[in-house]
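Here chain A shows up in two complexes: once beside chain B, once beside chain C.
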Partner chain A sequence: MSKINELILVLRVAYARAYVRIKGVNRDLTHFFIDVFLPLLGISAIILAYKSMGAPENLLGFAAIGGAMIAFWYNVLWSMGSQLYWDKEQGNLQLYIISPAPLIGILLGMAIGGAFNMSLRAITILIATSLLFNIKFNLNAILPAFLIFILTLFALYSLGMIFASTFLRFGRSISKINELLGEPILFFSGVYFPLKLFPIVIQIVVSIIPLALGIEGMREILILNKTLFEIIWILILLIALGIIFFVIAVKMLEYLEKLGKNQGTLTLKWD
Partner chain B sequence: MGLKSISLLRILFWLSYQIEANWTKFFIYLIYITIRPTFTLMLMIFIYIAVSAVKGPSLEYGYYILVGQAFYNLIGSGIIGIAYTFWDDKEHYKMLKYIYITNVKLSFYLFGRGFYHFVEGLYPLVIAFVLGAYIIQYPLFELKPNFPLLLLNIILGFIWITALGLLVASFLLFTTNYGWIVIDSVVSSLLLFGGVLYSTEILPYPLNLVANYLPIKYWLDVNRNAIKGIDITSVFNDLIFLIILSAAYLIIALIIFRICENIAKRKGLLDIPISF
Partner chain C sequence: MLESIITINLSRYFGDVKALEDINIKVNKGEIFGLLGPNGSGKTTLIRILTTALLPTKGEAYVLGYDVKKDYLKIRKYINIVSGDEKAGYGVLTVRENLWFFSQLYGYNRSEGWRIVNELIEKFGMQEYADRKINRISHGMFQKYNFVRGLLNNPLVLFLDEPTLGLDVNISREIRNYIKEWIKEDRERTVILTTHYMVEAQELCDRIAIIYKGKIITVDTVENLLRILSKESVYEIKTNLINQVEKIKSIQGVKAIDVENDASRMISKIRVVVSEDSVISDLLSFLKNEGIKVISLSKEEVTLEDVFLYLVGRKL
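Let's look at the complex of A and B:
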């Protein structure tokens, strides 16, 4: 099969997997309402906490943007990272492998579908928060902010693809790993507060977390009215992280699939 | 509570520990249960730090959030301990029918499982509290807690948290895929309406009235005062409200749970796992 045909196959598989994910999650609008309403409760509490302390307006906007992005992290952990493990448990993984569908296409489809679903929710949450608490964003800068947003998703879901292939190897303990990665990463991403509160060393270390970079970038543009040129380092880092994570994910998936076949663990349940 | 009940409670406590911790060693498990509440608390503490960086520190606010969030984590642990246990046993492990063929009532079984989660939640509470106090530079060693009041309040907390867990579990008897959503809704609502991060007076009317009927508001206030060592007479009103509300919640929860359980039995819902 030529490289172009391989690529076409990957994209077709990605489309098929993304279709299932998007259709499955959005066919019942109750889910959409719940996915928006529940985070809104938490974000409202944070914004009210800021208001009760007489915080400056920009901190409210910071919390709104960070709060809207939280869903992406949980989606990456639970709907990307754990997915191949669940597929293995339910017997779908072996079906994927005996079909001509490349696993990377399946991962890509999961990422595109998940990112699309979460984007709909995150944007709705942001609009709802803005209306509820009268938070003003620099709407003239919506395009550069959207660019940062898309690059964040690219880097974040590429990281999710690494998790998915790695967690395939971990087995049952992934739920514990997911739980351990949840809140610490949200904390180090500064979802509710500016990253500048961290010491400089920690700020440097957390810049390998796409969520932290993306939130910071969007805040700089939408709240602090900075131009894309002024935060070009965020743009470059997000592109670099996205590419690096994507390449690692592809290599890791190939390696772990091969390892799983050699050791006969690909269909081993409850390990 | 008779000797038999205490013995059953001990067994349920042991069972819960085995289910939760059998995947690792005790020391690693202690670290595991500490990480999530600690980082959740840190997220909230940094809200205070963010404001302090602009407006200067106000330790009273820091203390308010510190105690509020540390004990709020315990609420989450307690409610999830009952409600999620029930959902997990019914839908995931499919063990509910086996519980019914033992001589333990389902409500007591959930009470015992919840008791474990509540006690387990006390450990990360202490760790997170000390760490949080250190971060906001609260003079921890100047505190002279009123331990009897604190203990009484923790017991009252267990009662109303158990009641909320049972109420959620009652609902979960009939639901399929909405288990986590119901649990999350209740826990998140308590964060919004319960005076965890701010005084409930800041809530717009009529939402501020909701808080008056939630035990969490009085419970957290008594905790804040008890840790500072304030005398019981100073929090008497809050304590009375808390006792009344805790008792009312427990009675209502037991009645509703019994009614829902009977309906579920009649309709044959107890043995129908649908989520997985």
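Let's look at the complex of A and C:
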């Protein structure tokens, strides 16, 4: 198979796998309602607390953006990370393996589908908080903010692909790691407060978390009216993280497929 | 090339466990080839290797002339698998949507995928439930959907792993008929079938490999396998409950025996292969001396099950 044909196949498989996620999840609108309404309650509680304390207006926008991004992290951890494990349990993985479809196409489709679904929800949450609490976003900077958003998703979902490969290798036992990563990452991403509250050392360390960078970048642009040039370091870091995570994910997947074929663990159900 | 599958001294070990050892088979194009063996005999391991999901520890295996170790990407275009206990697909999608999704794994473009799926749905009479979610259809419908999924890439080698497991008689018959029709349509095609149902193997397979403890015991046509017992006789005896199986085995002329105990009715059903009819009188004398009451005795036609019992020493 030529490289071009291989790429076309990856894209077709990715489209098909994204179709499963988008069509499947959005068929039942109650999912959408639950995914938007419940987080909105949590974000509203934080915003109301800020308001009651007479916090600066900026903080309300910070909480709205951070809160809207939480869903992406859980989606990456649980819907990306554990999906190949469930595919294996159901027998889908065996069918993927024995078909010409590259596994990276499947992961890419999962990522695109998940990111699309979560974006619809995040945008709805942002609009709702803006209307409910009269939060003003710098709409003139929507394009740079969108660029940061897309790069954040690229880095975040590439990380999700690494989790998926790891799950494939270690099985359900690794779900403990998911639980362990869930809240701490949200905390260190500063979803409800500015990262600047952390000591500088922690600020540097958390700059390898795409979620933290993305939230920070969008806040700087949409709330603090900064230009893309002023936060170029965020842009560069997100691109670098995205590429690094993506390459690691591809290599891990190749390695795990080889290992699985040698040891027979890839298509066998877990003990 | 006449053969679609060739294995040469194919072995697979999992640590100290020899799942397959020195498997040598040749499967011809146009053939339905059965793999018969109890659970853990190595059938699934052999299928995993031939479907490129698992590497052999040693030996060689070729599918359509391609080496499973080196040319696995070429093999994958031409094979597919359907398993009886399979629940593959996504419950949030309909039968039609799931089939389309799986078609995309084989490189069809979107519209081509839909066309093939719609044609297969019509051909297999699935219109009635094609737009129902797969988690809302019966086991029989699901297995038909599975079977159609296995045909999406128009494979040259189709692996059927217990395809009628748990299905009722009518749907099993329907699936068996599909298999027969499918292979007749194009003699370049091959089916590798594993089944626990001897009747199914007898009805469908051109040749059968009996596999036990990772080794091929024999490979032959159904007729030739039945001929193995052409000089022997098979009897079925119903008695009150017995536990003297080992003693019966030691009677001269008893070639194989299987005992099914029905504790609730206090009855044992003994199926025995004997070298000649006179042996049965020795057996009856033995039972009488042991105080075992014989309820009924009948001479039976030799079945594949008896051949399996004779060759392997236990029922499938």
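Rule of thumb we're sticking to: the second predicted complex is superposed on the first by the 269 of 271 C-alpha atoms of A that agree within 3 Å, B and C clash if a C-alpha of one lies under 4 Å from a C-alpha of the other, contacts with A are read in each partner's own complex, and residues count from 1 in each chain.
Keep in mind that, in the parts below, a residue touches a chain if its C-beta (ideal position, glycine included) is under 8 Å from a C-beta of that chain, and two chains touch if they have at least 3 such contacts.
Keep in mind that what you see is a predicted model, and the values were worked out from it rather than measured.
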* Fit or clash between chain C and chain B when superposed on chain A -> fit
* To do: Would you sort A:Tyr192 into first (chain B), second (chain C), both or neither based on which partner it touches?
  => first
* Which of chain B and chain C A:Leu38 touches, first, second, both or neither -> first
* To do: Name the contact category of A:Met53: first (chain B only), second (chain C only), both, or neither.
  => first
* For the overlaid structures, how many degrees, to the nearest 10, lie between chain B and chain C at the C-alpha centre of chain A? -> 90
* So, does A:Gly24 touch the first partner chain B, the second partner chain C, both, or neither? -> second
* **Which of chain B and chain C A:Ile142 touches, first, second, both or neither** => neither
* To do: Examine A:Arg12 and indicate which partner it touches, taking first as chain B and second as chain C; both and neither are also allowed.
  => second
* Asked: With the two structures laid over each other on chain A, which partner does A:Ala240 touch: chain B (first), chain C (second), both, or neither?
  -> neither
* To do: Determine, under the contact definition given at the top, whether A:Lys261 touches first (chain B), second (chain C), both, or neither.
  => second
* To do: If you've got the overlay open, could you tell me the nearest Cα approach between chain B and chain C in whole angstrom?
  => 9
* How about chain A: which of its residues touch chain C in the complex? -> 1, 5, 8-9, 12-13, 15-17, 19-20, 23-25, 27-28, 90-92, 94-101, 261-262, 264, 266-267
* Partner chain A, residues of chain C touching it in the complex -> 12, 14, 45, 48, 51-55, 73, 76-77, 79-81, 83, 86-90, 92-93, 97, 100-102, 104-110, 149, 153
* To do: Under the touch definition given earlier, write down the residues of chain A that touch chain B in their complex.
  => 34, 38, 41-42, 44-46, 48-56, 59, 62-63, 172-173, 176, 179-180, 182-184, 186-187, 190-194, 197
* Structure fact -> Interface with chain A, chain B side, in the complex: residues 23-24, 32, 35-36, 39-40, 42-44, 46-51, 53-55, 58, 61, 65, 178, 181, 184-185, 188-189, 191-192, 196-199, 202-203
